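Shown below is the structure under consideration.
Each chain carries a letter (A, B, C and D) given by its place in the written order, and its residues are counted from 1.
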Amino acid sequence: MTPDLNLWLIPVLPLVGAALNGLFGRRWPKRAVALVGVAFVGAAFAWTLWVASQFSHLAQIPHIEEHAPWITAGGFVANFGFYLDPLSLVMALVVTGVGFLIHIYSIGYMEHEGGYYRFFAYLNLFMFFMLTLVLADNYLLMFVGWEGVGLASYLLIGFWFQKDTASAAGKKAFIVNRIGDFGFLIALFLLIRTCGSLNFAEVFPAISRLGVESAPGVLTAIALLLMMGACGKSAQLPLYVWLPDAMEGPTPVSALIHAATMVTAGVYMVARSNPIFSRSPEALTVVAVVGCLTALFAATIAMAQTDIKRVLAYSTISQLGYMFLACGVAAYSAAIFHLMTHAFFKALLFLAAGSVIHALGGEQDMRNMGGLRKHIPWTFWTMTAATFAIAGFPFLSGFFSKDEILWRAWSSPYGSWVFWAVGVGTAGLTSFYMFRLWFLTFFGESRGPHDRHPHESPRVMLAPLVILAVLSVVGGYVGVPHSLGGEGHFERFLAPVVASPAGTEHEGAAAVEVGTERMLTAASVGAAALGLFFAWLLYHKRRDLPEKIAAAFGGIYTAVANKYYVDEGYNAVFVQPLVEGSTRLLWRGVDAGLIDGSVNHAASDVRKVSDTLRQMQSGSVRSYAGWVAAGAALVLAYLVWVGAR
Amino acid sequence: MLHQILFFVFAAVCVAGALNLLVQRHPINSALSLIVVMGSLAVLYLLLGAEFVAAIQVIVYAGAIMVLFIFVIMLLNAGEEEHSGGSRVAAVLGYPAVALLVGLTAWAVVRSSGSANLKLGGFVGSTEGIGYLVFRGFLLPFEVTSVLILIAIMGAVVLARKED
Amino acid sequence: MVPLSYYLVLSAILFGLGVTGFLVKRNIITLFMSIELMLNAVNLSFVAFAAHWGALSGHVYVFFVMVVAAAEAAVGLAIIIAVFRTRQTLNVDRVNLLKL
Amino acid sequence: MPNHWLTFVAITAVKSAVLLGVLLTAVAYTVWLERKVIGHIQNRWGPTRVGPFGLLQPLADGVKLLLKEDISLSGAYQPLYIAAPILAVGLALTSISVIPIGESITVRGVPVQLQIADVNIALLVLLGVTSIGVYGIALAGWSSNSKYSLLGALRASAQMVSYELSLGLSLVGVLILTGSLSLREIVNRQGEWPWQWNVIGGGQLVAFFIYLAAAFAETNRIPFDLPEGETELVAGYHTEYSSMKFAMFFMAEYTNMVTVACVATTVFLGGWHGPVFGPGPVRMALPLFWFVLKVFFFLFLYIWVRATLPRFRYDQLMAFGWKVLLPLAIANVLITSFVVAVGT
């Protein structure tokens, strides 16, 4: 007998918080709002921990709890049901844990902002949808969560809706996500057609019965469409453009939604759908290529950004690219591992960046920072931990997870040395731009106004930083790879979910190539060190060099600094034609010409006809009587005619 | 024989009265002609054995409704009808239509009724029978007409009241 | 012995005269009288049919027609008075506009 | 050949002639009676000069009226001006024809009813004729082309139409009790003694008074004589009439009085019923005597009221008719039908 874990509590607790804050928070003091917002998320976290503690006792994996029927149409059934397996457990822990920390951080960060209750209500709402997404036992419910986090993201990006850029960024995020969702929806339709169900418990066995596709078929189509959805949600090429703009939202939002959790939903979804992807080599290749390109592409942009949050945003895109690269080489556990560590250190980075911004009273431009090391030591040290972690320095969390991915990219049957090379190059770039950020922010002389007095953030903000810093440092030890003397706990834990169909990679790779793996590790560490060195050289030692380099590579630099003009390109290729088309064709042509025109013409025609008919309405009673008499005579004549026949 | 004589006499009076209604220019003469028509119709009703109907024809129509007409004519001091432009529609459509109506009806009636004859005293409608019918079978219509009358009274009062 | 059709034809003639009156006459009151004439013509056929079928309901119908005629006369004459009050005329040809 | 239609015509003609003669005489002497009674009430003698007790006065009046100049008005609408009095008197005389004044008698083997026409729906005929009676007055007033006449006529028609309702409804109670519209039936239902008459035995006392009031109004008698109220309208609808035409209106009014009295007698006071006793000829004559006596009582009441009550104001007249008499009459009908329904 499987114990009832009441999984529904995990998403619903934040929903209650959202409802309370949303409905009544306006009249409550800030302390009460914060308490409600944090308490319900904390409760969800606690419940998740309890569930995790019970996990090993579960008789059956996955553990499914059905609550109520939702849609029953013909043979198709979708229920409100929750699905617990190692994957969703890890995700739920990450989401609730990191979410809880960020909620605490927000208490301090949002202290002086208007709409305090609104912020916490949205944040709780986000938690609800995110947990629904993670715990759903079918694609449809997952899609609800998927759309819901999009909504929450939209609301939070546009939290400062008075700012044009913020509301525009919110709309942009929403619209770009729509494109991905469109693919996701079609994938769901195809799934229904193929499997007759959207329940994971029915879909995956059904998929498993199908063989690996030798030529692109319906599974490839489904996988690619799912990937399209993932691209939208997880900001991959070509749909990544919304994420940098999303930095208009408050920093905790950037940390929670646009770094740690929501944007990883795509990775989660791909990992969740691994039975589908694994049966379509072409789709896997596409995923890997997209991930690879995104990683490299975003990293290059990050190098030239000056806004601290934008650097982190492109970094996020780049790291997400890593995860997709892992997925693309069927190393789902590596992807999830990196997802987890990334959640720790990227959340930490954002929060620390928020702390910096907080310290400087809203300054986000790194060119105006510098020398903050002494002023905000806690922030500095936690940020240092995170920077080293993301750069992949040995024995920090990022090192293990990134190394795992790079190794898989090399060794997996779907992998190739190209993926590895790009990965290593990206790792070097990552190291470079992160240390650039680090040096620009904390070292050298203060470049800001002289009357600036940076102050350390309150404890309520520092506590999450410290916790996350610890996690960033040690978080990788749950999944130390074999080659580094680890046990691969994480991988084994996730194995039941992401077992590859043919069981190809694991056995073959393990013992034979330990040497190769060690070599590769050394290469990536070298790349990271190189990145550190150049950053030190350019942004600490020789401050004049960057300008010279920028001048030397004028065109390329401008292109990179302007994000390769992708936004402008999209604008010219997609947005302008649409606007023009709607203006010329839909508005002037269809609406004004056809719809309004037909209405107007109908009116004027009716007027003409009635003008003619009006002549009958002379107002003369006797004329009316004449008509009536004529009508009566006609009726009578007809009746007589009928009768006489 | 007697029936035929009486019928033709009073039918002639009826038609003459109706024609007079049309010919007379003064509304009061038209009204009196109409009273004559109604009176002779009452006689025809008697011939058809409809005593009660004949009586209320006189009481209600001649005695009440037409009094109302006369009253209004007197009140408004309506003079001779003036000649005003005719209605083309009435002339072109109306008169042929009337001719057609009467002609067709007469033709249809004569053609279909055949040799159905009415005997004098062949059927006498008792007042009691009508009472039973009205208060049993036609109770609802009867009540509805009472409401109608009430509405008409109120309508007449509202319409004819002088606005202050 | 009078055939039923005599009564019916008489009824038709009276009705036709009523319609003609409505078309010919100009005085509103006379128009009303023409309507009454038509109603009477119909009543005649009711009574004739009642005698033919030996059914009293024909008489009841006449009774109802009279009730309706009375109601109509009351309201109609009230309207005539109202019209005369505003337009000082009873000629329908002068009363062909809704607005004064 | 007792059943031949010629016999019927002959008998009817004779009856009509006799009744006409009696009626006109009665009318004439009602006038005399009125003058006499009012005279005495007002502490005068009334007519005394012509004949004993002025008994020949009506004859003299008739001769005078006949011989007076018949003024013809230039402004009058002649056809109706002439037709109106004829209509008035004709209708007045018509209505008396359905009133039964006694049981049928047998003359030379032929049964003769003391009634010109025994109609099933006599009461309806009476009401019909009464309602037509308005036209005489209305047309007279209108055709005279005189404002007094017109005002009188307008008043008269409004008043008569209004009170006709109460008049008719006051009779409905009796009709419910009797279950017939035939006056003969109504009389036969009542007994010899006053407590067997409809007015008391039938519980129609209220109806009787309603009828009384309505009848006064219908005949334009004081206190409801507004159509001819001489102090305000000169003489009302017959202001412009003189000579025989005036006499006709005069006759019509008094005939109507007699008719109304006869109807009251028939419907409420038991008709010719009364204690019958004595030898054969007396037994034959008594019913007729009782009938005449009751009618005389009624006429006396008319005169008495005329000498006693002042005239109503017009709005009072209308208010009384619509707000007092009509509801009372309706209540009477309801109560009577309820009692009858419970009784059966």
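Convention: a contact is a pair of C-beta atoms (placed from the backbone, for glycine too) under 8 Å apart; a residue touches a chain by one contact, two chains touch by 3 or more.
Just so it is clear, the structure is predicted and the values come from calculations on it, not from any experiment.
Comparing each chain's Cα centroid with the centroid of every protein Cα atom identifies chain C as the most central. Subunit A and subunit C have centres, each the mean of its CA atoms, that are 84 Å apart. Centre-to-centre, using mean CA coordinates, subunit C is 33 Å away from subunit D. Averaging Cα coordinates per chain places subunit A and subunit D 108 Å apart. Between the Cα centres of subunit A and subunit B there is a gap of 89 Å. Subunit C has residues 19, 23, 26, 93 in contact with two or more other chains.
Counting partners per residue, subunit B has 52, 56, 64, 68, 73, 75, 87, 90, 94, 97-98, 101, 105, 126 as the residues that reach two or more other chains. With touch defined as above, subunit D holds no residue shared between interfaces to two or more other chains. Judged by the touch criterion defined above, the protein chains form a pattern that is neither an open path, a ring nor a star, and not fully connected either.
According to the touch criterion at the top of this document, the contacting chain pairs are A-B, A-C, B-C, B-D. Those residues of subunit B that touch subunit A in the shared complex are 86-94, 96-98, 100-101, 104-105, 107-108, 112.
Put simply, subunit D touches subunit B in their complex at residues 77, 80, 119-121, 124-125, 127-132, 134-135, 138-139, 141-142, 150, 153-154, 157-158, 161, 164, 168, 179, 181.
Residue ranges on subunit A touching subunit C, taken from their complex, read 618-622, 625-626, 629. On the side of subunit A, the complex with subunit B involves touching residues 618, 620, 622-623, 625-627, 629-630, 632-633, 636-637, 640, 643.
Across the complex, subunit B meets subunit D through its residues 28, 32, 35, 51-52, 55-56, 58-59, 62-64, 67-68, 70-71, 73-75, 126-128.
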